Every structure is written in C-alpha cells, then in structure tokens.
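Multiple structures follow.
What follows is chain A paired twice: with chain B in the first complex and chain C in the second.
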Partner chain A sequence: MRWGWQAIRLWTVLVYGFMFLPVAVVVLLSFNASQFGAFPMTGFSLRWFVELAQNDAIMRAFRTSIVLGLLTAAISTTLGVLASLALVRYRVPGANAISTLLIAPILVPEVVLAVALLLFLNFLGLHKSFALLLFGHVIFTLPFVILVVQARLIAIRRDVEEAAMSLGASPVQAFFQITLPLMLPAVLAGALFAFTISFDDITGTLFWKPGGVETVPTQIFAMLRNSISPEINALGTVMIVMTVGLPLLGAAIARHLARKSGT
Partner chain B sequence: MSVEAREARQPWILLAPALSAVTLLLFVPLVFIVVYSFWLRSATGADLPGFHLDNWREALTDRFYRDILISTLRIAAITTLVCALMGYPAAYFIARSRGNKMILLLLLMLPFWISYIIRTMSWINILGVSGALNTLLLGIGVISEPLNMLYNEATVILGLVHFLLPFMVLNVFVSLDGIDTNLEDAANSLGATRWQAFLQVTLPLSLPGLAAGGLLCFVLGAGTYITPLVLGGPRDAMFANLVFEAIITQLNWPLGSALSLMLLVVLGVLVMIYNRYLGMAQLMKGLG
Partner chain C sequence: MSSVVLDNIVKRFGSFTAVHPTSLEIPEGTFLTLLGPSGCGKTTNLRMIAGLLDPTEGEILIGGRRVNDVPIHKRNLGIVFQNYALFPHKSVADNVAFGLKYRDVPKSEIAGRVQAALDLVQLPDVGGRYPRELSGGQQQRIALARAIVIEPDVLLLDEPLSALDANLREDMRVELKRIQDKIGVTTVFVTHDQSEALAMSDRIVVMSAGRVEQVGTPEEVYNRPASEFVANFLGASNILESRCTDTGRDAVQLDVPVFGAVPVPVDKAPEVRPGPAKLVLRAEKLLLLAEDAEAPGMVTAPAVVETVDYQGQTVRYFIRAGDRQLQAINMIDGHPFAKGTQVTAAFRPRDCAGLPGA
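Showing the complex of A and B:
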C-alpha cells in the first residue's frame, strides 16, 4: 500500500503543478526583455511594468476597478453584515428559506443574472452605466459576504455581550464596544471577499459596462483580441499580486486584531 | 409596543436591505425577462410588448441552438469528469496527509484569488505557437514546425478544468476530512484490504462531497462564455455565447431573454434534482 500512497502523492504534485504552472509562466514572461510576449526569455527587464504605468487606458481601467470594488465592498458588506446578524442572533421564522433566498444570486448562472438585471434596469430607464455595474456587482457579491460573515459570527459567543449588559451597558453600548470589535475580522473578511470578487469579475461586467468604460479584466480581454503582448503578462502579474496579496494582508491584519482583543 | 413585539421586529429591520436588494435586483428582473421573452424585436426603436411565441419557437426548434446546447452540456460533463478524476486523489492526499495539511489547503485556496481571465489566458503562453511547449519541443528537436494546439474544443475543456478544479478538490476534501479514519482501520482489522476498505467505506461516504463538487463544476462550466472566446475557435461557441451574441452584438433582447431562460431552466433542473436528493447544506459547506 505504500506504493499506492506514493502514487497518490505524485498525482497530487502533478495536480498542483497543473494549477500553478501556467500562472507562474505569466509572472515569468512579464519580466522578459524580449519584444514579444513569448519564449525564449532574453533577459530580465521591468520595461513592461513601466509601459503599463504609462498606458492611459490601463491606468483608467485600474481606477475604475478600484473605485467599483471599494463601493461594492462597502455596500455589499453593510447589507451582508446586517442580514447575517439577523440570521445568527435572532430566531427568525423561516430562517432557512431566507438564507436560500439570499444565496440565490450564486445559484443562478451569472450570464442569466447579467441579462435579467440589464434588461430590467434598462426598462426602468437606467441604461448601461457605472450605477448598473455597481448594482450588478453588489448583488452577486452579497451571497459570498453573507456566507463568510455568517460562518464567523456563529463563533462569537453571545455571553460576552450579555455580561456587558449585566454590568450596566445599554444594548447600543454593548454592540459598539463589545460585539462590533469582536465582529471586525468577520466584517473585514467579507469586505475583502467582495472587493476581490468585484475586481476579478468579467462575466457580468461585459454585459453591464457602458461603451468606453473598461475594468482591468475587460481591458485584458480587449487586449487579448489582438494578440498576447508582454504588457498583458505584466498586467496579469500586477493583478495576481493585488488579488493574492490583499487577502494575505487582510488575514495578517485580522490575526493582529484578534490577538489585540485577546480572543 | 411590547418588548417582545420589538424583539420580533428587529431581525426583519436588519434583513430588509439585503432582502429588498435580492428582490429588486434578481427576482423581479428574472420575472421581467420571462415577460420580455414574449415581446417582439422591432427593427427600429423599442421592442414591441405583447404575447408572441416567435422567440420561443426560434429558441426551441432551431437546430443551431439545440446543437450548441447539447455540445455545451457535453463539454460541461467532460470537464466535470476530468475534474473528478484529477481532483479526487489530490483531495484524498490532502485529507490524509499529516503535517503540511494547512499549506496544501492554503495553496488550494490560492487559485480562487487569482483572476479567472488571467488563469484562462495563461494557457496561451503555454500552448501558443511561440508558447512554452512549442519552444521546448522545437528546442529538443521533436518537431521542426510549431504545432497549432490552441483554439479548439480540447483547449476550452482544458481552460474550464483549470478554472473549476479547485471547487472539486475543496468539496471532496471537506467531505473526506469529516470521515473518521477509524472506520477504515476497522474495515482493515475485519479483513478488508486497504483498497477494499477504500472502495466500500471511504468512497461511499465521500460521495456527497463529490456530488457537490460535480454540481458546481457542471453548472459553472455550462454557464461560461469567456473561456470559449479566449481559448476556443470560431466553432467552439457554448450556449452562454449565444446569449451574449443576442444581447450585446445583435441587440435582440427578446430572443436573448428566451435563450437565457432556457439555460436557467436546464441548469435549474439539475440543481433541483441535486437539492431533492442531497440538499443544499453540503454545497454551502464547500463554499463557506
């Protein structure tokens, strides 16, 4: 059986290789000095990152994506935290059905959600715009925020709050001085999740974005139409650093906060 | 108002914003496109409201749409099968390994944070005419001309597997991790070989995770249009590409509504069958 275990181990290594090798190649090629976005490597260079920074279209796309992501995270996290509090802290009749309703945006294929929202809001007079993009991003990040925040809220014990109130704190004081600090890691995790999902999205975004407005993923998509350039690889590297680095940073902050609050 | 009544009202105040968002931005729009799918597209100006069956007749009887629907389901099924074959042993290894479990899990979560469009286009660097594989094969002299490996159905499936594999591994891992390893030991001590113990004890117990992963892979795979656009050829369109074409390129919104609803019904039936037999709880475990 040791033989079987070794085979499984080798298989797992190959699976991890399959998942990470293509991404590693993107990062590797983004530092290639060659004119073309391809092998062979002709030397180490940062020129493609410099060109990215000087490319107006790409910088605009970055600004759009970041503003959109931040607004999405703010709205989605607010809605999600309130709903999670209700579901975890109160006995709501039909809580299961409500959970399913709130999770529904990820059970519907994103293409269908995109078409429905576009056509309905257009009917109401809201045409393709930044606002439509924001509504779309909020609705499909909301379920993820609720899943993440709910999972963490369950872990916060209610007795701490009750102890505060029995020591004379009002419910409002108890919430702001006890519950909210304890909840902060969950809120941050939810916000981070919403930001990253919004920042990465292309499926819905291509339906909702007005002409001329690009987010980073749609910008990459448009650039791919021509050919793969070294700039795309550099842009990919920046996105990987942002979307992988941010959660790691977030996790570090959350751990720091958790240690400070002594739980 | 009594204290109890206020207590009972509070959760609804907290739930109101999220519930109204989901209602106004998802449920009402879904009902709206059902209505819209019976409207008629007018060549000039606004679409004509009414009750016309033309879009549905076209969507349901045109061979072109049916063929693409079938090939979409085939591609999603192959993708799911490949994900299961690749992902199960890996999930088993992670669940049963000692020590480095956390690192393996963290690595497994990492692809969720790496942009889908980047992961999809990364295959062009590998399989393109001047990509890594051609460069390697030319370098060692196996081939003298670069091979055209991109832009066919196989690369679409490859891209989808690369995108969806983490969902499969994660779901199988969650269910394998919840199985008491004593069960396998007990089977062994009762005379079963390791392989028999796996087949008759562990595998059946992990089927819910496999089914949850499979459902996610299938539904997400069948609903994609970006992967075929980036990694497929002109003839590798999937059903969601038809929706995109109708809505964005042809501006035929009534037909686009009918086509989206077809996709929703086909995939919705699958989700409902799954829910009927296994329930949503398993799926949430893997997501949360």
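Showing the complex of A and C:
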C-alpha cells in the first residue's frame, strides 16, 4: 500500500516535470547569452528580447495579436453579457436550445469548427479577412464569457434589482447601478478569458487568417519552419508572461472587487 | 400617503388562476395585512400593487389614479423584501440615499434625510458600514429606512419579519408598528403568521386559495370569523355541527350535540338561519373544570382528557366529549389535568360564533 502511494507520487512528479520542464527550459534559454540553445548557459543576457523588439515581423504579429485579442474580448464580453441577461433574466422561448448552441463551440473540436466556418464563408463567396478572423475568435471565446457571466448572474438576486426600481431607478438605471457592478468580477474574468484564448489560439487562426497577416502564435510557427532562433525562446517567455500573468492579475482584481462588494 | 383600491383584479399564470376576482379598498394611512396560508396569492397581490406583475384583469388605483400602466419606478412606493434586498456593494448610507437620487432632493439635503431615516430605525451610527457588516435584524431596519426615506405613497412589506428569529421578530413587530404610526403611511403587509397580523393591523384580509375570505379589524376576524376557514386559520377552533332551532332578536339558538342548547349572540352569527348550522368554539374559550364543579352561566358537558400538551404557562388538551374530540387551551391553575381524568368541559355562549351549516 505504502509502496503504491510512493509510485503514484513519483508518477505525478514525472508527469508535471514532463509538462513544465520544457517551459522552464524555454524561459531559461531566453536569457542565454549564446546563439546556441544548449546547456550549460554561457551567460545572462537580454539580447534576445532586444532583437525581438527590433524584429519588424514579430512586432507586427504582436500588434495584430493584441488588437485581435482586445477586439475579441470587447465583442465577446458585450455579446456574452447581453446573451446571459437574456437567458437568465427574461423568458426567451427555447432558452435551453439557445444556451446549448452558444456553448457548443467549446465542445466541437476546434479544427472542425475552423473548417466549417471556412467552408461556410466559401459557400457565401466571402474572402478571408481580418474581420473573419475576428468573427472566428468571437465564436469560440463567447462560450467562456457566457459560462462565467451566467453563473454570476444567476447568483444575483432578482429582488435587489426590483428594490432599485421600486426606489425610482428605471430598468436601465437599475442595470448600471446594481446589476452591472455586482457582476463586474465575472465580466472582467470573461473578458480576460476571451483575450488570453484569442491571444493563444493557433488552430483556428491558421485557417482563418488572410495571407500576410500573422499573429504571435502563427509567427512563431512560421519561424520554426526555418530555424530555431533563440528569439523564439524570448517570444515564448513573453507569451507565458502574458497568458499566465493576465489571468492572475484579473483574478486579483476580481477578488478585490468582490471583497469590496461583499459577495 | 395615498389610498389603494383594487377593483376586481384577477391574476392568471397560464391556465392557473392565482388571484380570483378581488376587490379591496385600503383607506389612506391604514395598516392592512394580507393574511393566509402559503400559496394563497398574498405575494401575487402585493406584486401587482407594486407594479412587478400586471393584473390579468381589473384595475389598481393609488391615490385615486389608475396605475395599471405606470411602471414600478414611477409609482413612488416603498417596498421591503423578505430577504432585505440591500445593495451589497453600497454602504448603508448609500443604500438609504439610493431612492433620493431619483427624486429632486438637493444634494445638500440628502445626508440629513438619510440620517433622519437611520435615526428613525434606531441605527444612527451604521451609515458607513456595508450591509454584510450588519446583523439580520439591523439589515431589516436599513431596508425599512431605505423604503421610507423617499416618503412613499404606499409602503409594501412582504413577510419582512419571517427571516428573523422568534424574539427579534417580536421586537421588530413593535418597532415596525411604531414607525408606521409615526409616519402614518398607508401600509400593505403580507404574512402567514396570524399573531403578527392580529398584533399589527388596522384591518386584516384573510385569504385562501386566491380568494378573500374575510376583511375586518383584528377583533372582528378573530371573534366573528365569517367562515370555517377563517375560524381555523386564526387560532385553534372547534367547529361543532349543530342545528339552529330559533333566531331571536338577541340570540340565535343552536342545538349542539352533547352540550345542548347554546344561545349565540345574533351579531356573532349573522348568517345563521333555522336548519343546519355550525358552532365555532375557540380552544382557549373551552374551559376544563373538575368533574363536579359548578359552572353558572356556562354550557357544560362531561368529557375525558385524552392528550395533554404542556406548554409552560398554558396547556393544550385534547378531550373527548361524546363522540367528538375537542381542543382546549387553558391557563394552568395549580396542576394540569392528567390524561384519562373525567372533567367538565364548559364555555360561555357569548364566546361562541355561529356559521351557516352545509
């Protein structure tokens, strides 16, 4: 029995090591002074970050990713909040079906979704464009926003909104004064989800992006085809910082807000 | 302050009728209670007055004005919800000030009025706290302060005390009544607790299954129940099948099995006509005496104690008189009767009420 537990413990350590060691290596090597990605490291340097900043293609990809991520977050969050409100607060005929439909993109493999959307646009005779890329990202970030916001909205009692209206606030005023502040942590969390998922995405993006447009992940992918430059390590580090750091920051903000509102 | 009139309102949810045609007049300044068991449509009525539900039929008038098409935020009502419904992200002072923002109250006056409302509910120092930093009873007071600070035309309360524990509930009951007396606002109070209703109301509306059973002062509905339902809902009553043999000018003669003739005052049995009738005898009006005791002026019958339910100051007996089981709630004088004791069950005719029989 004891021996069994030891084995499980060892196995767990190995699995996590296998998952995180490469990441650690990438981060470490991004500070390596040498051209060649090998241990032992020859010295500490920020050289690759500087080169990264001077690489036009990468900087363009970065800007594209950030703009795409921000737009995705803004649109998904707005739509997600509206959809959640409709589904939770109003009696919409077929609410369950709509809910399932909106959540479906999480359940469908991304490749299938990507191909389907592409085929659909072909069928409509539309060309790939940045707008299409944005559309695709909105479709598969929306479920996350809806799930998070809906869960929160269900927990906000209807009677606080009714109390606000009884005191003279119109339904719109009651929403902005009461409902929105109470669900703000969830809205922020949803927006962060949408941004990070969009920023990270490669599968759908590869299918949908028009020629000449690269996001950070597709740029890395393209660079890898030529050679393994240490710049990629630096880029990887930056991405890790963004995709791990942002949600942590978001969670901290959400917790702070939640503490303030006492819920 | 305004009167409220419900004119033949009906509420249906799909094919289910939650409120059957109901008409009510609530004069200005009245404390009116909607009393009835769970699901009888009290909340539905209140929400229709509030504007949170549209009546399917009929009209609602507040201060003489038809408000069917006036949305809730324009009705100028103070509503206190069962679970307080304070805004958790706003301080107590901001909660109370909330309604003032939507009225033309100069900024300089707001703080003063908030403080006055907090003083009125006897929580002058909690303005800076958040709702979660208050006890349940305190939250309830703040909810009340928030509702009355806007000087509403009507105050609506849906079981505002039911989330409080028993002792606090009695304190708050007195407190609420004091505040209502002081500001004199027309109040509609919803409860299923008969002692709350009796203690606080000017008028009680007893409801059952979406219908009004009786409207009257607490004394009227208690002493002169208009139906068997009312008699049973307000305290424990014994309903005895009987026959009316004669309706005189002062009294109605009821012939009750085991007990014999009972002359019930006419004003307590206005609907009774010769023929089948029912005698309503409250459990606390049925006295148990020693078997051989004299009971001048009372109607008596021999009985056996079957169950003794000791409650401290009072004791509740179930006794058998003839083939009927009866309930009696008596103050304890010395020792309670033991189970199996032969006793004399006695009551005064003027403590009874009469209802027409089936």
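The rule we apply is simple: the second predicted complex is superposed on the first by the 236 of 263 C-alpha atoms of A that agree within 3 Å, B and C clash if a C-alpha of one lies under 4 Å from a C-alpha of the other, contacts with A are read in each partner's own complex, and residues count from 1 in each chain.
Please note the rule applied: a residue touches a chain if its C-beta (ideal position, glycine included) is under 8 Å from a C-beta of that chain, and two chains touch if they have at least 3 such contacts.
Just so it is clear, the structure is predicted and the values come from calculations on it, not from any experiment.
After superposition on chain A, the partners chain B and chain C are accommodated together without colliding. When the two complexes are overlaid on their common chain A, residue A:Leu21 makes contact with chain B while staying clear of chain C.
In the superposition on chain A, A:Ile228 makes contact with chain B only, while chain C stays out of contact range.
The partner that reaches more residues of chain A, of the two candidates chain B and chain C, is B.
When the two complexes are overlaid on their common chain A, residue A:Ala169 makes contact with chain C while staying clear of chain B. When both complexes are overlaid on chain A, the residue A:Thr243 reaches chain B alone and has no touch with chain C. Of the two partner chains, chain C is the only one touched by A:Ile178; chain B is not.
For the combined model, the angle formed at the CA centre of chain A by lines to the CA centres of chain B and chain C equals 100 degrees after rounding to the nearest 10. Superposition on the common chain places the nearest Cα atoms of chain B and chain C 6 Å from each other.
Within the complex, the chain A residues that touch chain C are 157, 159-160, 162-171, 173-174, 177-178, 181-182, 260-263. Note for the complex: chain B touches chain A at residues 7, 10-12, 14-15, 17-19, 21-22, 25-30, 32-33, 36, 86-87, 89-90, 92-94, 104, 107, 110-111, 113-119, 121-126, 128, 130-132, 135, 162, 165-166, 169, 194-195, 219, 222-226, 229-230, 240, 243-244, 247-248, 253, 256-257, 260-261, 263-264, 267, 271, 280, 284, 287-288.
The touching residues of chain A, when paired with chain B in their complex, are 1, 4, 8-9, 11-12, 15-16, 18-23, 25-26, 29, 36-40, 78-80, 82-83, 85-87, 89-90, 92, 98, 100-113, 115-121, 123, 135-136, 138-139, 142, 144, 146-148, 150-151, 196, 199-200, 202-203, 206-207, 217, 220-221, 224, 228, 232-233, 236, 239-240, 243-244, 247.
Considering their complex, residues 50, 52, 71-79, 81-83, 85-89, 98-99, 101-103, 130-132, 143, 146-147, 150 of chain C touch chain A.
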